[in-house]
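Working notes, structure below.
Letters A, B, C and D mark the chains as written, and numbering starts fresh at 1 in each.
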């Protein structure tokens, strides 16, 4: 019995990307006479975009599920990636080190944001607005406004290798899975997601916990930054509190992932959702939807999903109500008879 | 108590930072107003001027231009520059100009390229009596008669178009059918003063090169093709020649959207009317996947990324960058500042053609090989290696030098070989 | 444990209503005076003050409308995108018809429609306001991009001049602001929204319908976006995909600096947006005038913002969250 | 040896919050094998002293010894690990984790295996504990969210008992428990005593305290007024010690005045999704109608259903003029009022001011020109209530969360009294309120009744029902099963019999 439901859960999880692929494949064949995934390059692209989406969604989820929406996450991504990249380049090190440095710097910016949070104790959104203003300036000043440009830099080749990107995404997914299920942090995270107040009263150090979440989010989001820059070769050092767009764009993956993950596990769900959405977007771009139109379609579906999620308990509720009314009618009849 | 300390700390921090950034606040007398028009007073380099520079650029090339302004133009003309954050539109320009006005600037170098930004900016400048000069390839007539609008310079549309046309004709000259993906940047509306004129004419140049080489029959005039807002394939009338146009300002978005297009294997040329760097990995991936070489021609500056492009090899063994159309930002900035100096000297008339502003064309340099670039890259690396040196600047800023003289000077430095030899390279 | 709190006097001051109302205004005045002195009066010259006010107008207008949403304890992230899309479409409407009246009607109508859609998604379909607004933010700017492509739309300069000369910016703002003050502080709308922000369960049980008042809040915010769009058009003369990219953030910044709690509720004031927007501009302008680099100013803005928020709030014992 | 019997000593303890003195030179000794009661009004310091012992806060001055050693705990965890466990008033459990995880919340270190947590051991240890305590209603691996509030409270007790505390501190726990839950708690306390350990029991409920405590210590304003042995217990004496002034033993109403025949509110065959099934009642003008029952009988849903908060699936609620009540708005428009059992979360805006809370019912009443609100009228509206109800506050513009429980409740009443409500649905209105305020509340109810208002009093305190109501409806399984008239002079035990 239990095994069967597990099998169902697995099928449910696999169904999302597979069905999406099937639908897009069909549409592409009908309208453009193309396959969604035809070459090794397609696979590579899908993997990379899935990775970026999934990592960013993980990073978002750490804080967001505990009620902290960190609006400075995008600036941490920018700062960590650019500074890590510049350092690796200055030291003449390879792409692997770039990743390591970026993660370390992301971690540091995350910790600093977290420390600012627990010491200032202003609402997370307010903190995010303020910190984003500050963090955006850091890479700008350090890079002299030039941002990061990896084009033609020796040793960065590894970053664009498919096997390397797959490895990064897989290792990261496994790490997050272990972290969330088998460690103190995971335990605490679930508890704080349930109720910060109770968790605190039970002796969980929510201050340390918050810093840990911020630090992890910072590190993760920089992995996304590196995956991104490895492909586009450059990351501009933008100012004006506009850096967070790249992060919020992955909200859909996080929420869809949370839904899929109810059957299995949140970390699996997010990866699954990221894959699903990536295939969907890739399919749309194959059908020559321009980027803004692609976004519009995605967001409309996102709204649809949010509406579904907010109302999916309604059917069950309706059934329960109906049953209750029937029970009441029966009882009334009994009483009238008595 | 803690609160008070925190407050004090904050104040100290704010002013401390302010002090760090604000070393130049108290030196120089600072002209309080910019209304010095009137009779020509001659070139007076003892007067300190504050000039606001409204930029749309960021990155290495812009930093090089900034260095030029700081180390050569500023000291030569006794100018102090205030730089904006990266601006995008008229709103940003106006806000920045307001700040400049309040900070005591008497001149604006505007790099925001859209007619309405230029018009709004020029009007504001007129209202406040600040001198206003612009970098844009399209002449904005509606504000050309304003007194304080003293001129425009920019990549001359013909030259940039010509450069692209020439570069492509050379590639297409092998008699084989070629196809191109063209990243048009802000070309849409460039001829009507909405996008960037240089992008528009670059795209036109490419389309003309193809048309003339293969005798293509586009189903619309070239200008209309370039002005289409949606990306897509152009109807070329030749089944072997494909042209895909992608308008958009964000290279990141463009890469995602163009990757599947390139991957069809139909295209063996790629042209970008501005930075191409974001596309390098995508193109390399496609080359690897299809085994076909893709020729890349892009607008560039004299900077590291262009150098690397000419020197690196792509997966098929060709150079990554096959041709660069160089626009020199430093030169354009110098021309803007020279125009300002004329205005400060009361010599506005010689910068205008019958009271109307003039568009001075800064020529683009088409560079079609690593060897040429190797020489060109030395430009802008030392004070005497800028296209316009300190002496040139002073000579051109003398009252009596007219816009025709400036135009002549620009023509003089327009040819790559002449330029290189004049610098001893 | 209900020991009577008799905290230290500073805490008492911070908790008092009057302080939280006056502090932001006082701060604005102090900043103006400090920078006035530091710039030897240049900042406080009439021309400069006019500039400051004009720079603050768009953010002030949009955040004044937004205050209604924030008061109810909801965070809206789509005010900026709504304003920009509205500006774009109303400009296109002008270009089609050549009528300023049409432009105005389209702007306000569209602002209201877009915000109403957001509100209904939340109240009728039960999606959390923050998520709705995040989606709307992305959706609306993608729509704008799809409509405009890489180009910009603009209003002819003579028309802009006419509108500026006619004082449309000031009139638009002042009328809207006065209406908002009345609605917020003198009718059941503001009071109900604040009460919903304090405790929406209690509000519901006191007969205050969350769905109804949230809809009203979004409609008012929509009018704010519409007027803000017109002001943005008049100020810039044109709208493109990169117009006012951080408007929503600026509004949040302004509201909080202006003394409003991001969680809404009792400590919500409709004038917060105006005070905050002015504060940001004065800080910017003042620093720029004393010669600080534009880049550094952004960091200072961030530090000053966080410091002010920290200093002016009662530091919670736990981590800040609606539950405490 | 007497010394071996002494487990904890508190010596000259002071605790100040700013200028407020919460504890003033408090000294006492706890011995093994006893249940100690600590009683006093809100703010008397009883929670303060117990929380200092349990490590939640530190004393300003004074010492403690525990098992002969100086005792200065820095956290609840430290105290717990040393054998002092406390069940807190409002701790709660987290719904999205398992029972086992809740039990070991904050102690996950114990199950560390390298960098990981051994979840299997965590669950089995928790199950062992549940077995020991004889809890069969749920398993350690169950998700907490599936359990009802009762069961969750029992998890908290289990959580505390895992540490086999030498001293068990129970702070106001019983108020949240039903009769069965209480029985479980008393059993745990008794077991503790039988094992020669100690219990410190804090509660408002005097009867409960007298029944289960071996000794009672009375605190008032941070000072120990006295300690009584079981033989010395006498309710009036204890009350007097608590409030420091003579209180009439019976502060309920003593009259037998009837009520009008006019029905103002009817509930006919009301069925809700979970709790009510064909519930009927009629409320009359000038009547105080009581509703009692075991806590899961559905009585708390009655209030919500009548007031239109809980959706009525079948049946109907109507007021005198026949209007169907289906939302709070219609209810209020027909001059109904509702005071929730969960005062702080449902009936008050804690971070809003007193004035804002009271004025929240009067936006329409205080309008003068269309929808414009007259500040003058509004101020009068608020001031009148603060004055009439004698709400003790520093000013009407102070936040409600600066008030004591009793005064908070007065604010809730204030907003409804101000709106001139005719029908008041009150769910446990005197819950967690100290004796003094309680008395004034009862007087208020009586006055309202006399002025012709109708009151529906839902209460878990049988004394209150017996003392105040004209009629008592006993509920079971979502239905009214019994009606008891005031004239019958019911006793507590008879009511309990009806309930079961």
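We adopt the following convention: contacts are C-beta pairs under 8 Å (C-beta built on N, C-alpha and C of every residue); 3 or more make two chains touch, one makes a residue touch a chain.
Bear in mind that the values here come from a model prediction, so they are computed numbers and not experimental data.
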- Message: In terms of touching chains, how many steps apart are subunit B and subunit D, taking the shortest path?
- Response: 2
- Message: Which chain has its C-alpha centroid farthest away from the centroid of subunit A?
- Response: D
- Task: By the contact definition above, name the pair with the higher C-beta contact count: C-D or A-B.
- Result: C-D
- Computed distance of Cα centres, subunit D from subunit A, in Å: 43
- Distance between chain centroids, defined by C-alpha means - subunit B, subunit C (Å): 35
- Task: Provide the list of subunit A residues touching at least two other chains, using ranges where the numbers run on.
- Result: 145, 195, 197, 239-240, 290-291
- Task: Could you check subunit C for residues that touch two or more other chains and list them?
- Result: 245, 295-296, 298-299, 303, 310
- Per-residue multi-chain contacts in subunit B, two or more chains: 85, 230, 248
- Every touching pair of chains is listed here as A-B, A-C, A-D, B-C, C-D
- Of subunit C, residues touching subunit B in the complex: 10, 14, 42-43, 47-48, 51, 54-55, 148-152, 154-155, 157, 160-161, 232, 235-245, 284-285, 287-300, 303-304, 307-308, 310-311
- Message: List the residues on subunit B that touch subunit C in their complex, please.
- Response: 1, 3, 6-7, 9-10, 13-14, 17-18, 20-26, 82-85, 88-91, 94-95, 98-99, 101-104, 114-117, 119-120, 123, 128, 142-143, 184-189, 194-195, 229-230, 247-249
- Note on the structure: Given the complex, residues on subunit A that touch subunit B span 34, 39-42, 44-45, 144-147, 149, 151-152, 160, 230-234, 236-240, 282, 285-286, 288, 290-291, 294
- Query: Any idea which subunit D residues touch subunit C in the complex?
  - Reply: 17-20, 22, 42-43, 45, 47-48, 51, 89, 307, 309, 327-329, 331-333, 338, 340, 345-353, 356, 359-361, 363-364, 367, 371-373, 375, 397-399, 402, 404-405, 415
- Query: Which of the residues in subunit C end up touching subunit D in this complex?
  - Reply: 1-8, 15-18, 182, 186-189, 191-192, 194-195, 198-199, 201-209, 265-267
